[in-house]
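Multiple structures are listed underneath, in structure tokens.
Common to both upcoming complexes is subunit A, partnered first by subunit B, then by subunit C.
Up next is the complex of A and B:
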């Protein structure tokens, strides 16, 4: 490597020592940091390998998961009207899960990737960008990639599996409101998981999927909460993902089966109503989502402080 | 210093700084009551062996790590409570690591950071291109980071470190793992950047004596978490100039330099840095000797003769920073096994050395 001709290069001319520089420029900075983190996440997600592998992870994986569940339902539930209803329930939930798992696991994977694989976490951390905001941005980009998988899986379900979605019957306001209200808590769960991964070592790589897998069971994704034991139903009812899935499902397939409520369910015992209506679903989503989001932010703040106390931000564990 | 920088608070002010890693079976003290002040515009060096506490100090100053006790500030901003302000006016570059988003191009990666540092989009691209030219990576700007050589990657890291035109630049072993020419390029780059604007401050940690000697206006010698001496390179060297500094070459040295260090009149004896890999069993062993006066040489020769060692060469040397270190610590950098144990323990929680010393 030849020594560069750096002496006197204009790039090294500075801007002086204006104390105002230490203050930053507020909202404009925040917007730029978030957008850059989203872009960085997208670049890392979409660009990390060749298009074929990107296709496999973004398209083939959710479709394969969908097919697996559909075949299981086919075998267990048989055909006929009830079998069709169950299949529709499962297909929609499974397609939505591709997006959910990306949003929930995304920030945690970003922590692990940036710290252990790219070794850039410390540089991101000591930049003026708010660390939490950077992780939210990375989570948004993962969520976007997951959403692509959801859309592809839904199209596949409609075109190949014969899922019937009547666009005229879709409750569009409900769909938009639920989608928007649901995204912050989904990302918040991801931030909470990232807070945990900031503290842990090699085994952390399995945490995001393990947590998401556990959440899968108590979110009414492919079966209603009513078949779970009461304690698990309580977890499901305070879980914003349950209400997000129920809301989106109810909006796309109005009048279809709901994952919340039904005969013998805790919901019926508590409220006396068979299933939650649209407004109730939105209100509970808002409440559980707010609590989850605030809790996740608080947890992250504690974790970040502890990581700084214990020197975990640039720790690499060789995994 | 200019009139503008004269009004600035100290670039670095550290008082009673302690850092203890809570590891098992017993906590490790990485910094043990450090006091330090660096003026704006200084090129300041922290010199010490692995495990001395250099990286821990730089982590605290760059807001990556909180101190256990004591205070530290950068241009008057407290590292514990005003981290956000510090991050806008400083930057850091560490050596000996393969960091970077390998799938991005050099230009993309730097642009991302320019945005985190608050530059506008267009301004960011312009700044990135300027810096890539300045550090000699203009031809690699569209190359993926994963394809860069170690030296090129470190140049890219240097460009990242200069993106925000920091008031203070922290360099943690920036030439570690680089070949001679790449290391020289990095040193030239740092000197050129610092020299371009009065008031720019650099804190360099290194365990390369010559690097510290060449670059730093003042140096603190650290070991086991304490500052043992602080001053300009010539001030530090004068500490040992009153004694005779010799380079002794023998065909063998059973028992190592410790045998000589125990002799009367010998202040210190350490393997010379240029033959540390040869060890004491080699055909030619060079030892740096510091004697209280020349008369002690008679005893050294007698001891060598009795041990069956044949003297191949003997000459007086100008004192080096290593001689200063040996006198202060009682051992050379080559004999740092004990010191490394401290860092090994610390890596249980702060695994710096996994990056910096992968051969371990």
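Up next is the complex of A and C:
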């Protein structure tokens, strides 16, 4: 006996089959899946404790990282006007790093969490949402937690460390544009690392932080690229994180020191200009961000296919 | 047949089988220790990706801090402080990720019930984890130290080897003793274990003076010296490797710090033994401590 047709629902052909479900997902479904993944990530991150304790855990890490660097500057005589400029440079870069590291580590840790701890990865994989979308959603929730850390670290720097930010002088349009343009490549780097962690074992917990630590070297976060050797400067210039940090820093402190240009930098040699202006920063961020995002998606697709072929999605390891 | 640990023949009488001699218990615990250390040692050769992610990338992370000092034109000894801190941080990361959080991970994986059910001491399992972890992190630490020293031209002025070697070994015993103690605590704290693990990295790096002499932190540094083996061991090794550097003044001498490490080792090992008994008792009485997702 044929199943009754669904009255008023053209998607059904009268046999209980919905062709739309086999033809891929539409924009509304994508939005719903992404939102569900974000909410899931937020729940996983925060539902284990009360909000106050969660807040303490969230801010202790970025504030400690900030203090570690500020003390380094302070100890070697970072006083006076030049010391103040160096301290401001370091504080801003370090505070932004909290958000970056969360975005980079988020998707990779989600893979490891769901595969090794909760053993839910295979169920997530076969859910109607695409796996990539699930990981992006989980990454966004981690990024949101990291952004909290960045905001608190900045407030700490202003209130306790005496960081001076003139809100009237902040280039707000530039800040908003660079912040928004920088987030997809940051998540893309996380997706790339998730692709690596799909292939590796449980000890990969430390891989995202190790990768971020290496990126720290070539992104002009706490020192200008000009002090690096030329090959490392090239890596820095093609890295979207460099441009994101430079753009945000330039927007918050217009006229401050640049991490990209300056005396002896490869940027000066290549372009003949002292430092990149706001438009150049945005354009290069867009270009490098697009390339890294597309590369990360391609890497993820390859890794996903290999993981499926070799049964890695439900493999658990330990040592 | 395993010639190192031959399998004991069973008898027809269960009472005789259950009557363990001291030697038999010792041999079994030794087997448990070796068995628990084995995957950590053997695993190094099974997946070489760790060479890239756990030696090369952490080396680049350490290099970033070196370059901060170079950018600030700091005295060259500070570069040595960073390199030594970077090498020692491999042990701290191993203690928090693979010791402190380990029983909780084992619970999540469903292995912990087997540990409780097996006829062995859980201390043997913890010691095996520590031995394997020490080997893993030792290779990483040595690689970071050698590469950084060669690349950045760090000059160590280590003359008192007779003190430096015991200080290093005491630092390791105190660190891994702390890890064994935290393993039981983290198991009791459940899901907070992961967050505590995360929390035990940067804040501990800061108050232990990872990249600068801990003495510069004043009272906070003194608290770190008194409570965190990473802080006291790192400071003692810096004093021995860079004698006479002005930034290092203000903390106890390496001899006194060695005694602090001895005290820490004793306290942490005794505490870990007591705590493991507590969680064994709780696992049996509650029945939920060792079960996944409980």
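As a convention for this text, the second predicted complex is superposed on the first by the 286 of 319 C-alpha atoms of A that agree within 3 Å, B and C clash if a C-alpha of one lies under 4 Å from a C-alpha of the other, contacts with A are read in each partner's own complex, and residues count from 1 in each chain.
Convention: a contact is a pair of C-beta atoms (placed from the backbone, for glycine too) under 8 Å apart; a residue touches a chain by one contact, two chains touch by 3 or more.
Source: prediction; values computed, not measured.
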{"item": "Contacts of A:123 with subunit B and subunit C, given as first, second, both or neither", "value": "first"}
{"item": "Which superposed partner A:315 touches (first subunit B, second subunit C, both, neither)", "value": "first"}
{"item": "Which superposed partner A:173 touches (first subunit B, second subunit C, both, neither)", "value": "neither"}
{"item": "Contacts of A:162 with subunit B and subunit C, given as first, second, both or neither", "value": "neither"}
{"item": "First, second, both or neither for A:39, with subunit B first and subunit C second", "value": "first"}
{"item": "Subunit B versus subunit C as contact partner of A:231, first or second or both or neither", "value": "neither"}
{"item": "First, second, both or neither for A:213, with subunit B first and subunit C second", "value": "second"}
{"item": "First (subunit B), second (subunit C), both or neither touched by A:256", "value": "neither"}
{"item": "Residues of subunit A contacting subunit B in one complex and subunit C in the other", "value": "48-49, 118, 316, 318"}
{"item": "Complex contacts: residues of subunit C adjacent to subunit A", "value": "39-40, 43, 47, 49-50, 53-54, 56-58, 60-61, 63-65, 67-75, 78, 93, 97-98, 105-106, 108-109, 111, 132, 190-192, 195, 198-199, 201-203, 205-206, 210-213, 216-217, 247"}
{"item": "List of subunit B residues in touch with subunit A within their complex", "value": "4-5, 8, 21-22, 40, 56, 59, 62-66, 75, 77, 84-92, 94, 97-104, 108, 112-113, 115-118, 127, 130-131, 133-136, 149, 151-152, 155, 160, 162, 164-165, 167, 179, 181-182, 184-185, 188-189, 192-193, 195-197, 199-200, 346, 349-352, 354-355"}
{"item": "Of subunit A, residues touching subunit B in the complex", "value": "1-17, 21-25, 29, 32-33, 35-36, 39-40, 43-44, 47-49, 118-120, 122-129, 134, 308-318"}
{"item": "Interfacial residue positions of subunit A with respect to subunit C in the complex", "value": "48-49, 57, 60-62, 64-65, 67-69, 71-73, 75-78, 86, 90, 116-118, 196, 200-207, 210-211, 213-214, 216-217, 221-224, 227-228, 316, 318-319"}
